[in-house]
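Structures incoming, each one as structure tokens.
Note that chain A is present in both complexes that follow, paired respectively with chain B and with chain C.
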Partner chain A sequence: MNTLTQLKTLIAGELKKPAEELDENIEVGNISGWDSMTHIAIITAIEEQFDIKFKLREINNITNIISIAELVEKKQS
Partner chain B sequence: MLFNSLDFLIFLPIVFAGYWFLFHKDLKVQNAFVLVASYVFYGWWDWRFMGLIFISSLVDFTVGQALYKAEGSGREKYWLWLSLAVNLGLLGFFKYFNFFTESFAYAMNGIGIQVDPFTLNIILPVGISFYTFQTLSYTLDIYFGKIKPTKDPIAFFAFVSFFPQLVAGPIERASNLLPQFQKKRQFDRQLAEDGLKQILWGMFKKVVIADNCAVFVNQYFQQPDAYSASVLLLGLFYFGIQIYCDFSGYSDIAIGTGKLFGFRLSLNFNYPYFATSLADFWRKWHISLTRWLTEYVYYTIVFTKKHLGKRAIVMGIFATFMLSGIWHGAGWHFVVFGAVHTTGLIVEYLTTDIRTKMTARYGWAFKALGYLATLTVVSIGFIFFRAENMQHAMQYFGELCDSSIFQLPNEGRKLIPFCLLFLGIEYIYRNSTYTIQKLKFPIAIRWSIYYVLVLSIFYLQPDQPIDFIYFRF
Partner chain C sequence: MYKIRKATETDIPFLIETIIQAEKSGTDKLGLATLFDLSEDEVRSNLTAILEEEMEGCEFSVTSFLVAEYEGETVAAVGGWIEAFEGATASATLRANLILFTISTAAREAIQRNKKYVENLNFDREPDTLQIEYVYVASAHRGQQLAGQLIAAHIKHARQIFPSIKKAQVQIFGNNEKAEKAYQKIGFVTQKTNTLTHADTLNFLPHHEKKLMELHL
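The block that comes next holds the complex of A and B.
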């Protein structure tokens, strides 16, 4: 399973909706259920699953799910 | 210069003509023209205000360059602190100096140490809270690596002072507005027509609805003890309509004016009175401020303290909404306004799971309860928002807590049908950016509606023009 698919499964679990409903291209703020409170839960869950730590600056630059996938891959490499 | 004034009615076509017909060939010249027009617009209130916006712009333009050059050296944060110190220092001095000195003296006297409050006769510069946050967003976005600094001072100074949204928002992020100053704008007839319609709707909301509600609201808030609780409750309902139409009306005029010049400003209101929770309300009310505070204050606190789990979110909500309260004005009643919303949002956050379960079980009935609870908290907050001070707010609140609240109001009822009609129309068109954007009627009916709106702006406004409420922030 690639990073993007893993991320979508994880995020879908946090948002309690099917992974197929998530569009990785649209801004995270426009995804239904993704608000300032679920945002922190999602980031924390990603950090735990991929065993990485985000910097505040990196979190501030998240736009869509693809940008998160790129960030995760960059931190893992 | 007020949007609802003759001065602006003359100013706007002159700037529009100069912008598209005289200075349109060279982007820098066109931006310089916008800059001069914006300073004239702002200086119309008091020419001395121009100095402050100039200092604020100059500091952030310089800091932006220096911060970017210092990247990786560890000195970035010093430049950020400099920008924060200057901008918040100016805001603190002009807006909060007397509030802090008076509160300090009051606290000292409370513990038995006699201190006379030291106050200064300071004029509050119009819109200082708005443009300070806008210029700060530029430096913060460079610090967080979202944008690169601009080398074009004219574009930057025009971005900070852009007259449509200078004094009451939307608070634009540098990443949205600044690039629009850096590329050639083409006149787009469709966009301009859309802008004119939005201006018309905004002006109608402000002059016809908000200002007429204000007549009743002012009367009831001036002497709460002279009216029954049900009349005061009606006054609170009118204030809810007034503040919404006043502020969202201003935003519509600002966004619409931006469209006339080929700019796309951010959405600031999204039918907040149909929110089913307090968090939802703040996603729909003064969106540009909520986003600013969420991104720079809330996330900074929550992510730096995320090891604390839920407590980090509670801390984030507390800091963000208490700050939102005090941002609105220097007074304890604004602190309480912030506290009312803070408490509501924290309770809402801590009960998320149970509310989700109840919604699944009871469906629309529980949603309706959520709607009522939201409306109640928002209304209580508005008492403190509208009052002159704490004593005044408590007096209004006290008079409301009376059994006469269950009687029919014995006066001031004539606006009720109009307000309900307005809310009904807003509900029907809640998927449009603004209510009259996509009217699906034959052309003759649509134009009749526009004419009626124009005529009502001229004939249904109160005798004296009333300032936009948010100008004082």
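The block that comes next holds the complex of A and C.
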């Protein structure tokens, strides 16, 4: 499973909706249910699953799920 | 004589008081503490770090606040910003990022446990609208229409930087009838109410209802 697919599964779980309903191109703030509490849960879950730690400036540059996948891959490389 | 001005770093202690009193909405329930299993002192310390970070475009930013000063003392504050202006990141994301980077692992675990009691209470903030958040006037200076003057100053500023701005929005807890009446007095209209039915919500927040009020500009 590639990073994007893993992320969509994880995020869908946090948002309690099917992964196929998630559009990886939409800005995260515009995804229904993605409020500040859920954002904290999602970022924490990503850090745990991928064993990485984001910096504030990195996480502030996130736009959509694709950008999260790119950031995760960069942190893992 | 009151002077209205933009907040600066020296106002941080007053802004923290503003945020805490507004979050409590006249009760002793501080969601920033209860949901993260933190003491009020820990919240104050985290808010200091957050405000010192200075991230524009959300309620946790010094530059979002206008304050009223009386004889050199800050006595009132109102936060306001244009949501996601010119493609900026949504304020909910900025707020969450700031919280994330100031809380401990234990606090992150606490919010994972507790978020189910407060989910879906807040309204999504509409891009390109003026968002008003955190209104507080020190008790000795109430009754002077300072909050109204500060909101009017936010509207004037928003119009200067974004002349085609269409509306201002504010979200208040359902128990805050005084605030609702004050907003109605300056033209805000209650548009929607979100109500949570979980019995434990009131262990964490001042009220189980939030109201969205709007003012067409």
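Going forward, the second predicted complex is superposed on the first by the 77 of 77 C-alpha atoms of A that agree within 3 Å, B and C clash if a C-alpha of one lies under 4 Å from a C-alpha of the other, contacts with A are read in each partner's own complex, and residues count from 1 in each chain.
As a working rule, contacts are C-beta pairs under 8 Å (C-beta built on N, C-alpha and C of every residue); 3 or more make two chains touch, one makes a residue touch a chain.
Not measured: the values here are computed from a predicted model.
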Of the partners chain B and chain C, which touch A:E27 in the superposed model: first, second, both, neither? second
Using the superposition on chain A described above, determine whether A:L56 touches chain B (first), chain C (second), both, or neither. both
Please work out whether A:S67 is in contact with chain B alone, chain C alone, both, or neither, and reply first, second, both or neither. neither
Specify the partner with more touching residues on chain A, choosing between chain B and chain C. C
Chain A residues touched by both chain B and chain C? 35-37, 39-40, 43-44, 56, 59-60
Inside the complex, what are the residues of chain C that reach chain A? 35, 53, 55, 84, 89-90, 92-101, 108, 111-112, 115, 118-120, 122, 124
Enumerate the contact residues on chain A facing chain C in the complex. 27-30, 33-41, 43-44, 56, 59-60, 62-63
Residues of chain B touching chain A in the complex: 143-146, 279, 283, 294-295, 298-300, 302-304, 306, 312-313, 349, 352
How about chain A: which of its residues touch chain B in the complex? 35-37, 39-40, 43-44, 54, 56-57, 59-61
